[in-house]
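Naming follows writing order (A, B, C, D, E and F), and every chain is counted from residue 1.
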Amino acid sequence: MQGESLGFIFLNAAVVNNFVLALFLGICPFLGVSAKKETAWNMGLATLFVMLVSSVSAYGINWLLTELDLMFLRLICYIAVIASAVQLVEMFIKKFSPSLFRSLGIFLPLITTNCAILGLALFQTAKEYDFLQSVVYALGAGVGFTLALLLMSGLREKLELAEVPAVSQGAAMSLMLAGLLSLAFMGFAGLGGSHG
Amino acid sequence: MMRLLNLFRRHKTFSHGGIHPLEYKERTAGLAIRRLPFAPRIVVPLAQHKGAPAVPLVTVGQQVVRGEPIAGADGHVSVPMHAPATGRIAAIDLWPTAEGPKAPAIVIEVSQAANQAVLYDEPVDVLALSPEEIVQAVKDAGLVGLGGAAFPSHVKLAAPPDKPIRTLLINGCECEPYLTCDHRVMLEKTDALLHGIRIVMHATGADRALIGVEDNKMDAVRAIADKLPDDGPISVHAVEAKYPQGAEKMLIESLLGEQIPEGGLPLDLGVAVYNVGTLAQMGELLPLGRGLIERVVTVSGPAVVHPGNYLVPIGTPVGFLLQQVGADAAANEVILGGPMMGMTVASLDVPVTKGVSGIVVYAAGDADQQPRTVYPCIKCSRCVEVCPMHLNPSMLGQLAQKREYGRMEHEHHLSQCFECGCCAYVCPSNIPLTQYFRIAKAINRETPTVAV
Amino acid sequence: MSSLQFVGVAVAFMSALGVVLASILVVANRWLFVLEDPRIDDVEDLLPKANCGACGTPGCRPFAEKLVKGEVDPGLCTVNSKDTNQIIANFLGVQLGTHEKRVARLACAGGAHVAYIRASYAGLGSCRGASLVAGGGKGCAWGCLGMGDCATVCTFDAIHMDRHGLPVVDADKCTACGDCVDVCPKDLFEIHPVSHRLWVACRNREFGDAAEAQCEVICTACERCAVDSPEGLITIRNNLAVIDYGKNRLASKVAIERCPTGAIVWREPDESVIKGRDARKIIRKTALPVG
Amino acid sequence: MMQAAPSTPGFRMIRTLGAIAMLSGLLVVLVFRWTEPIIAENQRIAIEKAVFQVVPGATRRVDVVLGADGIALATDAAGEGETVYAAFDEQGKLKGIALAAGAQGYQDVVKLLYGYDPACSCIRGIKILKMTETPGLGDKIAFDPGFLRNFEALSAVVNASGDGLTNPIEAVKHGHKQFAWEVDAISGATISSVAVANALNRSMQRMAPLIQRHRDALGEVVR
Amino acid sequence: MFKGKPVEIRTAPHLKRPQGVDEIMRNVVYALLPIAGFSVWQFGISSLALIVTTTLVAMLTERLFSHLSGRGNTLKDWSVVITGILLALTLPPGFPLWMAAVAAFVAVALGKALFGGLGYNVMNPALVGRAFVQAAFPVAITTWTPAFAPGRFTEFVPSTLTLPFMKPNPVGEWIVGLNIDGFTGATPLAMQKFQHIFVSTTDLFLGGVVGSSGEAPALLILLGGLYLAARRMLDWRIPVGVFAGAAAVVLPLWLYDSFTYPSPLFVWFSGGLMLGAWFMASDMIASPVTPLGAFVYGALIGVLTVVIRLFGGLSEGVMYAILLANAASPLIASITQPRVYGQARRQGGRA
Amino acid sequence: MATLRHQQEKLGLDTFLRGLWEENPVFVMLLGMCPVLAVTNSTMNAIAMGLATTFVLVASSGLISLLRNLIPKQVRIASYIVIIATFVTVVDYAIQAISLDLYNALGAFIQLIVANCVILGRAEAYASKQRLHTTLVNSLGMGAGFTVALLALGTVREVLGNGTLLGFQVMPANFEPWVVMILPPGGFFVLGSWLLLFAYIRQRQDQRVLEKGGVSDAR
């Protein structure tokens, strides 16, 4: 929508409709990479970065496809371009910062196949955001993803030290934690909308 | 504003943490120092101090005279031993210690006939000696810290030239509950104490000496102040009565407002800290040229019939001492040192050593001995509030339960913990935090790889 | 736009996109390629990821790196099954390497039914914790405290505490990782090849009656084993029989036969224990009273 | 495998990916051509259903672009403005105009279609197209009969100067409706109700004057 | 002496401060009782039934799970009683009992037992229970009934006794039948948010306004909280942080436009902020252990509460603010670790 | 070079059943969670999503298996993705043609099948190494497992959260729905509860084996 202010777009993407906790995008890495604060932080930053890249590429592709009247190729083009971009970034990091690569290592390919990245591209198109709005949307989504990941990792690290019953260890507990976080994030509903 | 605050906080203290358990000092604080009979057998462990154990100079069967050197220092950080009583060397053998492992000790069969006079003395004018000679004299006297750590006193005197000692702190806090021996020493041996201070100032070149005394012993403060000129280099200060005010790190912060850098020594601030008992002994022994053969020990606790402050020959077995003062029938726990940091002994054969400042005896069923339910840490943050080293015992405790000893050291400064026990004292979940930390430190010491 | 044209444009666009992306990747590959032996990953996949250190490296990944470099033999990993190690060896085209099985052994036989307790310990149920409190209260200051730190620390579940509170090592499960050696506050564990059959299960350093007052299966330094064995195989040091495993081939059951307490034992290849015929027979099943 | 990078000729990579992309392009374009008319038909039916629902009595629709400088048929795609649906009955009489509108609701944007009847200067009906309001609460705006009754004749009269409404459309708390331009909110879902009112108000403030100005021309487009 | 019996050996310290977990928890219960009593006086037997239901169900659930996981009888630590009572105090007085039971079960099962029980929960159990039913039954939980209704000690609010799993009995006619002047069914916060009507702070302070069963008597809450703070059973930094955080956001707004925005006093005393700040934010288990962290955590709750109240879709935000801050508390703790002794910049020697 | 893992699998019933239970992509491997959580607020959506995903899975795995020896390593991922995206686009248009309502209900998640971790995961781990027929059977099994998981969530959430099943009222008329089940937290909670249930059952089984004196199935 044309009318939405940048601040609202950011807040909406970051907390109100948080990609992980409200829209269910990027759950696999959210569950997989949230065991340690440090990795969570790295993963969050990597995702934020890739989201920006993908948002810009998606904006460009969308423009090109609209010009050529080939909208039905949108999905293929988005995913192909994003995947290639991520792979480039991966090689780049591997070459120039092996230490960064080791800490982000496996995540980069994970991000390629992460619904959050593609979802971002599709949503920004569906919402007909202009360039600036798209970038802010990507920023918000990335920040929201990082926030969710960080909170989750903090809780999981804390529970590392707990005497968690055998039954609830592992994935089940992660999901319940995610549920609790999601429940708490419901408090943000309607934030920034004009009420009253 | 500051003045208003000072109304509430009359005396200086350290910046963070600390506790104030009941003192239990009133039973013995007023009792003058007394002697007890000699035990029939006296046991002098060769390792009573920090550093290398002493080497025996005597053989089994040999007769020794009270005050005679029976073991020599083995290197710089080590001190000699002197015979605490006249008698015959019955054995040099493994003997139980308070720490646990049996260790070599010289056993003296005390001669009941002897008058136990000290015959080994070479009076000297200490203040006329050179600093090097004083250091040697202190070492020859077998002096170690009587405040508990039993660190050889001469080592602290011999400061390296690049780190000269400017300030001397004399620790008269005696912050442990029950203990009153330092209190009595300050009252009864004031002159010896002041003489000891002058010796150390002379030896180190320190230009001032501050005596810190907790404000629950104002009579001692007055007794010392009465003997001091107003503007001399030696001054006495009352500090807030709060455990562990007597820990040297806390006392330095209270009196000088500075903190010892992490991993550093008082020396890094140009400071040396001595216990009042140590300096009183120094002031007494050095002029006579004698060795350390006895010390003042507070014997107290709910299960002691005649509590008091006793001048005890080093090496007296704890069991004998308790016979003399009388112990309750239900007595079942004997602590060497104070109740906050002292060690329980597994055998009453363990002797009193140079570092033992008190013996506290509990009986089965005393309130502090009740078994308590241990709950999980409820993150109440009390331990964080009381830790004088500003650590996070809650986190450390949780990590210890998961055996994450490396993380304890690397992320949470485990080695800064000096095991004062404040955290375990306050923990409402009754978690044995301090014990966890001792275990963790022991393991980290042994397997440095864990700590990577 | 005609239908055919439309299809044409679409196909052309996609082909172009494919070609462009592939070209970028090709170029990037040339410029940014980082050489790393992919066999390291493959080998690491086959290692157990226990990171126990029994192989002498800090963990499985460094071991994999060394394996690929040919610096070590796959047989060094004691956690993997032999078959898996063989697969690694075949994959790398190297020999499996022969390594004798090693196990952890306890140098104490003083269970609660034979060893005296002098003080009752109250506190954390941890050997290390107890040993820091006046040595733990056991009569023998060198003996096992029986609170099972070793059993807790063993990743491979190779140690269980028997009814008398002594740890028993399951030789099949033990990988000789050495964790129990590190953890025991009394330093009672040692890693030995199973071919070391003669074993002194005691560390007490006191002599004769003084020793026997502490435990019924104690080395009293009576010297019978030393006298009965070939010269130099067993010596008495600090009131304790010490075996020189450099002379292991001289070892025989003769050494244990006259031991009065059964402190020196013979271990079968499966690590089961044989005591000498003169060893005191202990039929007591319950713990000795404390005191 | 280790030296794979240098040993695979770049050409092979390019060729493979190019070929796969080409094939995929072909497949997709064929499917697209095949389903395009069906989807268009589905969409037409969906739109008509919605338009005829919000403009009672209508049976035909014409898509019109309505802008400040007049109207044009959507098929001509000229001129600036907003696409609206003019709805007619069998006789070709203009029954109303269907417009899309949207506003921020409780969770996300609420999008709806409503029918405006220029003859009575009122809204004749609404249909919620898209929303993510709380099920059981906010989602009542789509089907709660009491709430929908608000829109049987919701007044939207153009003011004298012709640049807005005389009375803005407003939501009031449940049971407090007094005037014809007020929307009686659903109890417990005030925010969602407000969103509907806001959407209508914002759209009407802009579009109602335009519709009234070009009312006659709109009536003609059916031919 | 020592004849025939062994000496005991144990580790230092040999002294112990007597206050244990169970004593702390029991005192919190004592501090809550006056509030619960006031609630019963205000809302009658419906409120009493609510409190009894949540407390019993919470205790039963705790017992069940402690049995299942072999942790012995954990009712002895009293903590679950607090959970039960507090949960009831945050629910509307006429809340159907079966829903309250669901809330209590979820509170203990999902909020606590799942993670290992006392000490290991990551969020406030009572609020987990409440948040769950708020999301599950959003209408029931925003249906308010009047305080001091005549006959409140003899008859239940109709919705209280709803059959399990059924829609709540309607209360509209019952309320009309009570004939209470000016009862709109809106809480002071809702009135402020949607109608810009401010209820006077005195009314808020002394209770008697519409709201959850236990949020009204700000005075009693304050006294209870102060009692606990004085006995060091709660960390005073947390409530102080909450009030400071809330004021920091709302004060500038109020000075700028006092018609639209409420005053700090209104914010402090309205809704559940008092109860939340003193009794729920202060739950030590889900809050940071570090002293600075506790303050930051409190301030975060204050800020979030006001942000949600003023700019969000809900009229009340305390519960979500506390849950969010609970979630953030490990992060807060890790960035506010105390600066260890000796790591300090040297304090200027004042010797 | 003979690598370690490329042993060709023999076709058997096991190939199919594995995806359904032992290696269930959702309950065991925790992949493809997003659609599982996002579209399961009604059973109808769950079924549609399951079928669509299965179709894409089978079709793309099959094609990738056919082409497995032609695709160079470096462009592997890119090629797989293009292939998958193609089939997703096909499904996308097909569903639009079949029913717009269904399409709207599933939202963007049809297109997001591209990014579903299960599909790419299967392509990488299985299809790129195995022959066509085993691949087809295996991916059919995986698809079935995925659909079953979706159904497990969808039914619980719809029945509890709305009182209906496949749109038909199944609960008493006066039943108060648990709205939270349809909301995002409900998705997490229901999936978490299923996992808890499985873990509990497994624990009980292990216990029983232990009590019988056997060793648990772990090596």
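Here is the rule we use: a contact is a pair of C-beta atoms (placed from the backbone, for glycine too) under 8 Å apart; a residue touches a chain by one contact, two chains touch by 3 or more.
Owing to the predicted nature of the structure, the values given are computational and were not obtained by experimental measurement.
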| item | value |
| --- | --- |
| Subunit F reached from subunit C - shortest hop count over touching chains | 1 |
| Chain located farthest away, centre of subunit E as origin (C-alpha) | C |
| Most widely separated chain from subunit B, with each centre as the mean of CA atoms | D |
| Whole-Å gap separating subunit C and subunit D, where each centre is the average of the chain's CA atoms | 73 |
| Separation of mean Cα positions, subunit E and subunit C [Å, integer] | 52 |
| Chain centre separation (subunit B, subunit F; CA means) in Å | 69 |
| Between subunit C and subunit A, distance of the C-alpha-averaged centres to the nearest whole Å | 45 |
| Subunit A residues counted as touching two or more neighbouring chains | 72-73, 76, 80, 84, 87, 162-163, 168, 173, 176, 180, 183, 186, 189-190, 192-193, 195-196 |
| Subunit F: positions in contact with at least two other chains | 3, 74-75, 78, 82, 85-86, 89, 93, 179-180, 183, 185-186, 189 |
| Touching two or more other chains - residues of subunit D | 1, 5, 13, 16-17, 20-21, 24-25, 28-29, 32, 106-107, 134, 136-137, 191 |
| Every chain pair in contact, whichever chains are involved | A-B, A-C, A-D, A-E, A-F, B-C, B-E, C-D, C-E, C-F, D-E, D-F, E-F |
| Complex contacts: residues of subunit D adjacent to subunit E | 106-107, 134, 136-137, 173, 188, 190-191 |
| Subunit F residues within the subunit E interface of the complex | 172, 174-176, 178-181, 183, 185-186, 189 |
| Parts of subunit D lying in touch with subunit A, wherever the complex brings them together | 21, 24-25, 28-29, 32, 102, 104-109, 191, 194-195, 198 |
| In the complex with subunit D, residue positions of subunit E that touch it | 138-139, 142-143, 194-195, 313 |
| Subunit A to subunit B touching residues, read off their complex | 160-163 |
